[in-house]
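In what comes next, chain A is part of two complexes: it sits with chain B in the first one and with chain C in the second one.
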Partner chain A sequence: MATTTLPARAARRSAAARRRDRSATFAFWVLMSPMVVGLLLFTVIPIVWGLLLSFTDARSQITVGDWIGFENYQWVLGQQEFLRSLRTILVFTVFIVPLTFAVSLGLALLVDRAGWGRGIFRTAFFIPTAISYVVASLVWKLGLFNSLPYGVANLGLSNFGIDPIVWIGPGDIPWYWVVLVTVRLWLQVGFYMIIFIAGLQEIPKDLYESAFVDGGRPGWTTFRTITLPLLRNTSIAVIVLSLINAFQAFDEFYNVLGGGSFASGGNLSLARPPLVWLYQTAFGGQEYGRGSAGAFILTALIIAVTLIQGRVLGFGRSSAEK
Partner chain B sequence: MATTLPGGRPAPRRGGSYWGRLRGRRVLGTVAVYAALIVLAALFLLPFYVMVRSALMTNRQITAFEWLWLPNPPQWDNLRELLDESDILIGLRNSAGIAIIQVVCQTLFAAMAGYALARIPVRGRDLVFFGLLTTLMIPSAVTFVPTYAVVSWLGGVGTLWGIIVPGLFNVFATFLFRQFYLDFPVEIEEAGRLDGAGYFRTFFGLALPNSYGIMAALGALSFIGSWNAFLWPLVIGGQDAKTVQVVLSSFLTAQTIDLAQLFMAAVVGAAPLVIIFLVLQRYIVEGVKLSGIKG
Partner chain C sequence: MAKQQQAPIIGDPRLAGWRRHPLDRRAFIRTLTFAAGAVYAGSRQAQGTVAQGTTTLTQWYHQYGEAGTEDAVRRYAQEYTEANPNVEVEVNWTVGDYPTILNTALVGGQAPDLFESSPNLDWVRNGLIAPLDDLIPEDIRADFNPRELATNTIEGQLYGVKIVVDTGGIYYRPSYLEQAGLQPPTNVDELIAAATALTDGPVKGLFLGNDGGISSMQQIMPWAAGSDFITADNQVVFDNPATILAYEKLRELNQTDALLVGAPTDWFQPDSLIQGLVAMQWGGLWAMPQVTEELEDDFGFIAFPPLAGASGGPAQPTPATFLGGWSQLVNAKSPNLDAAKAYAKYLWVDNTEAQRDFNLSYGFHVPPRISVAQAAEPLQSGPPAEAVNILNQYGRSLSPLWTGAMGAALGDAVTRIVREGADATAEVTAAAETTRQELQRLLG
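And then the complex of A and B:
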């Protein structure tokens, strides 16, 4: 474009321009500094520190101890409790992710179709987002799924002549999964429903019209051929977010199953997710070296699962993951 | 506009007939939709009802085998006893302080960094941005053991600032602010810059006051997250700097349980957020939509 003025421009890029560059650099780093310093202090240094701890025998101390190589990692991977916690979280994920997807999409479709009272229904499904896992666990454990006959679920079942169920406890049937899955569903489907509603509203209405002309009757067919494919990106976002969150489950397990003293841990031995195991190892047993090793194994797992899932969803059927 | 079906065939457009022929099915469909919505909404609101109802009952009424729909008479004494005899007020105060400081600083820091990344051209900017994005990969809840080590070394265990400070740096919000400022009309800023305003004055005087929408959306969400956080306050604050969630949890996992008081405690712990939620719902919805980008 302005090729003729090159020498002139070079001349103009003189003192004034350099001063402007320097002031830009200054402004950039001042505005960035809280974020950069904070992340260095509370993300980068912890990771490096934790990595060092995980290779030493740091016990009841948070300073780096004697170098012991991969012993902590071997110890963690040899712990039955840790391996069981991975199985626990896998079972939990297998239930919670598809259920969350189906329920939140279902709610979104229903709310999207409602004309009158739409805002009221949306609020009813969305408001659990404001509630903490601790409060919800309390209501689920002592109110809805109280194992005694006066629990809401047991009272309801008694109308059909069904004896009270011990929801939370070591029985033949692991009823506590019902408690753990429903509490998370209730808390999070409203959030994902909002994301789905936003996705639904971006689908052009005349697509359905054209499909109708071509013989696609509203209902299952248009849902399968239009709605679902066009919600692809939204769906991926919902699945990835709910999966990452499920892997880091702690609050509801700790509060629904926990109880009594720290050492006994109540019913936690029934279903102990990795974060609870990590919490008990690192803080109950003061095993910071081993705890850090466990944390890194888990981080690696989460990243691996996220990446694999991204590829599977990203490339559809063509992927050849195991 | 020629629309194309997913199959690749161009679809002839004949408006009207679709919506017209739909009407017959529609009445039946609408009835079914509303029936489902009402049943589901009742189911979703049931836990709130159980919580409030039990909070205003005596223990004997709660444990009765006959279902009581309404507390009669409401036991307001449950509330007074809870406030007098437990630490819940300390928890409420701590949680409110933590949430307010975290929301303000988190939003401000993210806006500052987001603006710098979007608008100030310096060498190495992309590298900084890439560095920030890599930290998004790390699941925060899992790094709580090593972060505990650092905060403990800084003397933050058992203190409120130990709970607050590590939660002030939100990379995802930074990313969203950067997106927002990239779309921010340059003309407004250039007009300001001609007046001789530097980057700081442009940011604090022009850009920041014009981003209340996104700030409210992200701030409302981060308030909820802050108030409801459990694992980190449990690990760092413990019983020395209790948040309301830690207080509730220690009631729940205690050896002896006073049911009526527990439900009342749950109501007191949840009520501030339910009110905030209802008032700010519009912004929260926007915040959730933004979060959907993360996937």
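And then the complex of A and C:
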């Protein structure tokens, strides 16, 4: 009777293990390849291509090769309007981030405490999140903040004897900021409200009960000493997300102040965020090299701001480090 | 009663084979290869072109505002296919930001065979648009306005055939002017005075666009002052006192309370005038049928008046308007270049009936062929005839060498002058310097 020696068994086992490994590796690549290919095709290659374009004199073409070194970068940084667009986005951020924070937190507190109809209010405030920025911008521009006497906002003001206001256009007071800030606020506040509600529901109720036993009264005191400190992580997430979103603003500026190549474009230069400037340079002016250089400068700025913000707010650090 | 077939459940012997081979490599690869092949074949079919001896041409238009225009171009395509059964034309009526969509398609190698636009030097240098000199034989060439041919000519070759010729001017309501005891303005100062006098509560005196004329007047007012931008011999000439005064006057106009801004429609649509929001409006000839229908004879049409007192430009102050419109261009990289050129020739050179219909039956445009324009009855009398007269006398175009970067530099300068009270001399000088650098870069 033939017996199997130990080394032979081990060899068979290791062959089987190798087959299993190969099969697992194969399965890994089959499952991962669509994502990897997608990532390569639609993210990595365009980024690398964009980087190469930023060193190329690419006008009306996206072929790399006509190398001009850092000329495109120098040109972008020398453009008064690009630097101005950075200032514009900072101003916008200064308005929109605190407002979004305060309004969404306020709504979350109100909705969270509502007894009857909580679900209805939560849904009603959240629904605008599903609406397109383009549609909302046009409703704001043509309906609510139409500058004619029959615009909704002007009709409302006329009840108080106030003359019609030119909301979008020239004038000593830049009323267009009201339009730009309110449209984004309306669109995004419901989303952040939901995040805050989730945060509020995480706060243990017995903390409030203990506070009441110790003589604390519901209202500002418990909000300041319990609610707000325990919403720290949620608050940081809301600030970071709304800040990144604000830096990437495009749609409302483009549609409220501009409206395509045929519309009167003079209003767009009143408040042009960097993405609109890049869009006009690259796609309007067909300067793809300069546009790419601008995109990389903007990316560097966003990374820098995010890193600084991480340091200041302690985002991503564990509780022990805080 | 027949037993009902049940769906297989886990453990069912019918699933044994499936369980044994949860992922059959060969079958998977076979399926993947087949799917990739099908997608590739489908995309070839979609792009294109040759199916059983039939050539499919793609043709893009921007969205014309006048009702009936889209049906018209689809009808022309249909008629061509009826006469040439081996050629089909797929019309794409592009809604939205047409120039940007077209630019992106052109550089991405996804451009249609034929498209509306105006040629530029970069497109020519990059081999994106085909020369079309052979489309217009010598005898027919004489029937095209030389100025229109010039706007489509780059480095001595023709790259576009005009589809429509457009112009603009100031529409005014005579009843409003009469009530105020005014005559149509004959110079810019009179225009500012009239606009101010005609402003009465919710009715404003003048509409130049929702940005206060920063876009629409960027070239018109300097032309009215006797200035120009890039000359035929490629010289940048707009940094002169005439241009500076023109933009200072635009600022003056914006500082009055007489301009309508923030209207629901822009200057190229006549709604503000029709609805009585303004007494005067800068607008296009294309809107005249709609204005006539709504206001009947209570409107007049004049060129933008001269900026009296301006000096230092290459010419004297003059009434001003633009010579614009759209041209048919052909994609030089089209796999159906000959068929595309043949259709362009049929549609906008030979087919004078289509040219007449498209230019006159919807909005008003001036037909590019002189013989068709001269026979155009709707343009023979009244305000339409006046508009054609103004176009022929004063119509101007920007050089085909004018680029987006130049436009952006000048546009930003004008915005700063008008909106922020920036020093016009410094702004115009800086914009002209940028334009010179860009021109040098363009011409290499």
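In the analysis below, the second predicted complex is superposed on the first by the 293 of 322 C-alpha atoms of A that agree within 3 Å, B and C clash if a C-alpha of one lies under 4 Å from a C-alpha of the other, contacts with A are read in each partner's own complex, and residues count from 1 in each chain.
Criterion: a residue touches a chain if its C-beta (ideal position, glycine included) is under 8 Å from a C-beta of that chain, and two chains touch if they have at least 3 such contacts.
If you're wondering where the values come from, they're calculated on a predicted model, not measured in any experiment.
Once chain A of one complex is fitted onto chain A of the other, the partner contacts of A:Leu142 extend to both chain B and chain C. Greater residue coverage of chain A by touch, when chain B is weighed against chain C, goes to B. Using the contact criterion defined above for the overlaid structures, shared-chain residue A:Phe283 touches chain B and also reaches chain C.
When the shared chain is aligned, chain B comes close enough to touch A:Ser292, but chain C does not. Of the two partner chains placed by the overlay, only chain B lies in contact with A:Val134; chain C stays clear of it. Once chain A of one complex is fitted onto chain A of the other, the partner contacts of A:Arg184 are absent, as it touches neither chain B nor chain C.
In the superposition on chain A, contact of A:Ile62 is made with both chain B and chain C. When the shared chain is aligned, chain C comes close enough to touch A:Leu270, but chain B does not. For the contact definition in use here, the residues of chain A common to its chain B contact set and its chain C contact set are 27, 30, 62, 142, 148-149, 259-261, 266, 283, 288.
Touching chain A in their complex are the following residues of chain B: 1, 3, 5-7, 9, 11-15, 17-19, 21-22, 25, 29-30, 33-34, 36-37, 40-41, 44-48, 50-51, 54, 62-65, 67, 105, 108-110, 112-113, 115-117, 120-122, 125, 128, 132, 135, 137-139, 141-153, 165-166, 168-169, 171, 174, 198-200, 203, 224, 227-228, 230-231, 235, 245, 248-249, 251-253, 255, 257, 259, 262-263, 266, 269-270, 273-274, 276-278, 281, 284-285, 288-289, 291-295. Residues of chain A that touch chain C in their complex: 26-27, 30, 59-62, 80-81, 142, 146-149, 151, 164, 166-170, 259-267, 269-270, 280-281, 283-288. Every residue of chain C that touches chain A in the complex is listed here, in rising order: 23, 25, 28, 62, 96-100, 103-104, 106-108, 120, 122-123, 125-126, 128, 202, 209-216, 254, 261-264, 266-268, 277, 403-405, 407-408, 411-412, 414-415, 418-419. Chain A makes touch with chain B in their complex at residues 21, 23-25, 27-28, 30-32, 34-36, 38-39, 41-47, 49-51, 53, 62-63, 107, 110-111, 113-114, 117, 120-121, 123-144, 148-150, 152, 155, 186, 190-191, 194-195, 198-199, 204, 206-214, 218, 225-226, 229, 233-234, 236-241, 244, 247-248, 250-251, 254-255, 258-261, 266, 275, 278-279, 282-283, 288, 291-292, 294-295, 298-299, 302-303, 306.
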